[in-house]
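The following pair of complexes shares a single chain, chain A, combined with chain B in the former and chain C in the latter.
The block that comes next holds the complex of A and B.
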């Protein structure tokens, strides 16, 4: 009985952790190619969820809403890259930090004005009736999150390894200057990574919306957790991000059970501090080698 | 040409001033956007229905002439700091007769001191947190211009505990959010359990934050503690997360809590998992009498909805306006201090949709907050969520209200 309880807690938490992982993966994609991240990633998640909700309201079936929302996310990602990141990177500056934050704030106000400040339910055909597996309860909705996350991450990783464009992606990640000398356009590749990152954020929004409801602040908690996951795992490893995401989710759930619900946020923050103090490149990160 | 425009403008200005002097200026405040908006908007819209009715009948009889009600609206967004700013602005208006509104107890605590300082009459509705009134008794204020028109958490928690005992429950878990409202609700519940003879054993007391969506840990504590029922204090979206979490963990225990369980953002987000949830209500959207029916119909028609987002907020806003108007009439003045005196000794009964209000308030006594509380236990019933609506949980209450209205 007692082990079942622990397993139930861990599984429920880990499934939420998958969402942290997916958002963190969005950070990782752009960091790999450009060493920059979109600090407004949470707003991308939220805006895409709202957009998808509008698609549903307009009567589109769910199976068309998902690609529609993802496309919208990708377009937003490309917009962020053009508006906030490209010029700043060309000048080797850090202006993208402030610019991505500002774009995020802009997106937040836009959402408040277009869709209002209320939390709204996100209808989905996936059932939320519990399924019973070996004594623990899981809803198909939670499973769909896990499957969606693994599927999209798997596809993106496959794309990076098997296609020519993907190889260019990896080359720019490994060494931007060398890749450019080989005739690969770093600008195009970075653009691609922001598009993919937006797409991944949109999927995270669509998957998590039926559980969290859709509102302007829906991603504010998620994004902090995702950031912890990205830093703890290291911004180099997609695989590490999933592992750390699962771990953090389960740990949160167990902490709030054993130490009390007030301590729920603690493990994420402690992990973040520990990672920064002991392994600044992340548990799965590569040590940075600086050539002198 | 220019001259005529100027003349018209001057005329307009003149008539506006003449008009302004003949009106009773009332401010309606509350969260019209954000998580508590269903309550704020319903309260405002219910109040405006009453104001429209009064104005259409010519206004309130003061002396020889009839005065119309003029409304000032302010959206506090449910944020304490905005509420404080609005209270400062309104209390410096000079010609304001009174204020009706406020949903969030935190906003009441942040803002009401400005009204009390200037002696501006305010009727709090529908904020229910006990602290809204106990802050004044604790401070030992001798003369209070703040009244409440809402079933306070004391009445509500008493009813929740009573209901749990009536259902023959012996072990319960208490869940609450980490806001002022949730924490004071938990204390009220624990207090009531003690007062009602310690018949309930509390097997778990768990809290959650605003924005939390995964309640598995808290619910499992309740489940493995052997709780037969969950007593809960929180607001809409998180309450829905609890309901959905219970469905996932196959917990069929009754969920009983504060009146926030009737918020539309609870009912909508919990969907079918919300069925059977129990909470105290001052008003149920069920046309039990012709007066109630006409109120519900005109709300639906005026605002183009088929369901009032928060029926009891709407009814309380509506009745509060009539109580306030009766005080203006009795005071024969738009002066906020005289209206306060009249409210403390309202001679004519006021017919509202919730009840007929006979002397709802008395002279403020710091040793007894009930002097400025309008609701008593008898005006509150248990409601239950059923297929997206709140219905009477007990048929007997429905019969009783019909009978009382007939008298």
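The block that comes next holds the complex of A and C.
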């Protein structure tokens, strides 16, 4: 009975961890092409969730709300690239760090003004009645998170491996200058990576919203976890990100049960510090050795 | 086919090229030789748009391209196989080649089918690449990476190809192989600008040559002419 409880806690936590993995994956996408990330990604997640909630309020069916919200996230991602990242990358500067943070703050104020400060429930047709697998309870809602995350990550990976545009994406990550010499526009590729990053982040927001509710601060903790996952797993391993996401989710759930919910955020931070101290390239990251 | 007039370029405030002019006629191989630091690679980079020239003109097939970015110039028909080869290490040999033809293949699906004939040509030229087509490029030897870099540049069916230091860091026997390849390409009628530190081998394959010194063209002429020039003899062919 006792082990069953542990397993139950671990499974529920791990499913939540998939959301961290998906947001972290969004960081990976832009980091691969441009060595930059959107520090306002949490606000992007939150704005996309609010936008999706408005779509639901307007009477749109759920299966249309999901792609609608994702599209909105992609547009936000493109906007971030254009407004905060492109110029600073052209000047080979680090201005994007501050600019993306500022855009995030603007997004936060905008959300408070448009949708208010209160947390609101996110209605979903997916049931929360638990299903039983070998004595473990899993709700269809939790499963939908896992399936959604794996599906969209799988699709993006397929795109990267099977289409020429996807290979161009990888070429820009590997060697930006050489990619340009092939006629691949690095600017366009970085734009695309920000669009995709916004798309997956929006999906993370939509998937998690029914569990966490929607409010201006819904993603502030989420985004810290996603950072931890991205850093611990390394910024170039999609597979590693899922594993670390699952692991962190399970660990958090167990920690908050045994030590109290106040300790819930501790494992993520401890993992982050450990990773930075021991393996700065990430557990699954490649050390950057370059053959001359 | 490629005309460079009074090109000035450099990095930051330091100007490396101070008025380079040269011409590569269609169907000819032109060698650019000179000491280290003379500005050969910088000339190549300024032509292909990897750095923006400060002054001067670059005409590709009669069209000014000096203010275009590298990706655009590549699509206009200039293939630059850069110094240090710069193959895409994490990608397979075949993907590297396919990306060479990026400008003229469909972006999503069916690109492999469209490139079959071109891949076949490259594999006929470099059988070793066919053996390793599914291997990642980073695992190839230096000589194989050079073959791949040349093959990748050829995949775009360029009007003009720039080949920068293909022999750099390679064993003598592999260098011979590289020059053998260049001769074969010449037979196919390629238009090539070749930068080489092995001046002797470069002059053997070239139709015309320029000698660079401190950011400008010091001497130019046919290889036969240059071989008799005492300055060239003393400095590069000794």
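Criterion: the second predicted complex is superposed on the first by the 289 of 292 C-alpha atoms of A that agree within 3 Å, B and C clash if a C-alpha of one lies under 4 Å from a C-alpha of the other, contacts with A are read in each partner's own complex, and residues count from 1 in each chain.
Quick note on the criterion: a residue touches a chain if its C-beta (ideal position, glycine included) is under 8 Å from a C-beta of that chain, and two chains touch if they have at least 3 such contacts.
Being a predicted model, the structure only gives us computed values, none of them experimental.
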item	value
First (chain B), second (chain C), both or neither touched by A:180	second
First (chain B), second (chain C), both or neither touched by A:226	neither
Touching partner for A:168 - first (chain B), second (chain C), both, neither	second
Chain B versus chain C as contact partner of A:211, first or second or both or neither	first
Which of chain B and chain C A:128 touches, first, second, both or neither	first
Partner chain(s) touched by A:14 [first = chain B, second = chain C, both, neither]	neither
Greater chain A contact set [chain C / chain B]	B
Chain B and chain C footprints on chain A, overlapping residues	none
Chain A contact footprint on chain B (complex, rising order)	33-35, 37, 77, 178, 206-209, 211-214, 216-218, 220-221, 224, 236-237, 240, 244, 247-250, 265, 268-269, 271, 273
Touching residues (chain side chain A, partner chain C) in the complex	162-165, 167-168, 170-171, 173-175, 177-186, 291-292
Sites on chain C touched by chain A in the complex	48-50, 69-72, 74-75, 79-80, 82, 84, 86-91, 95, 98-100, 102-103, 105-109, 111, 138, 152, 156, 169
Complex contacts: residues of chain A adjacent to chain B	5, 8-9, 12-13, 16, 116-121, 128-130, 137-139, 211-213, 215, 217, 220-221, 253-254, 256-257, 260-262, 264
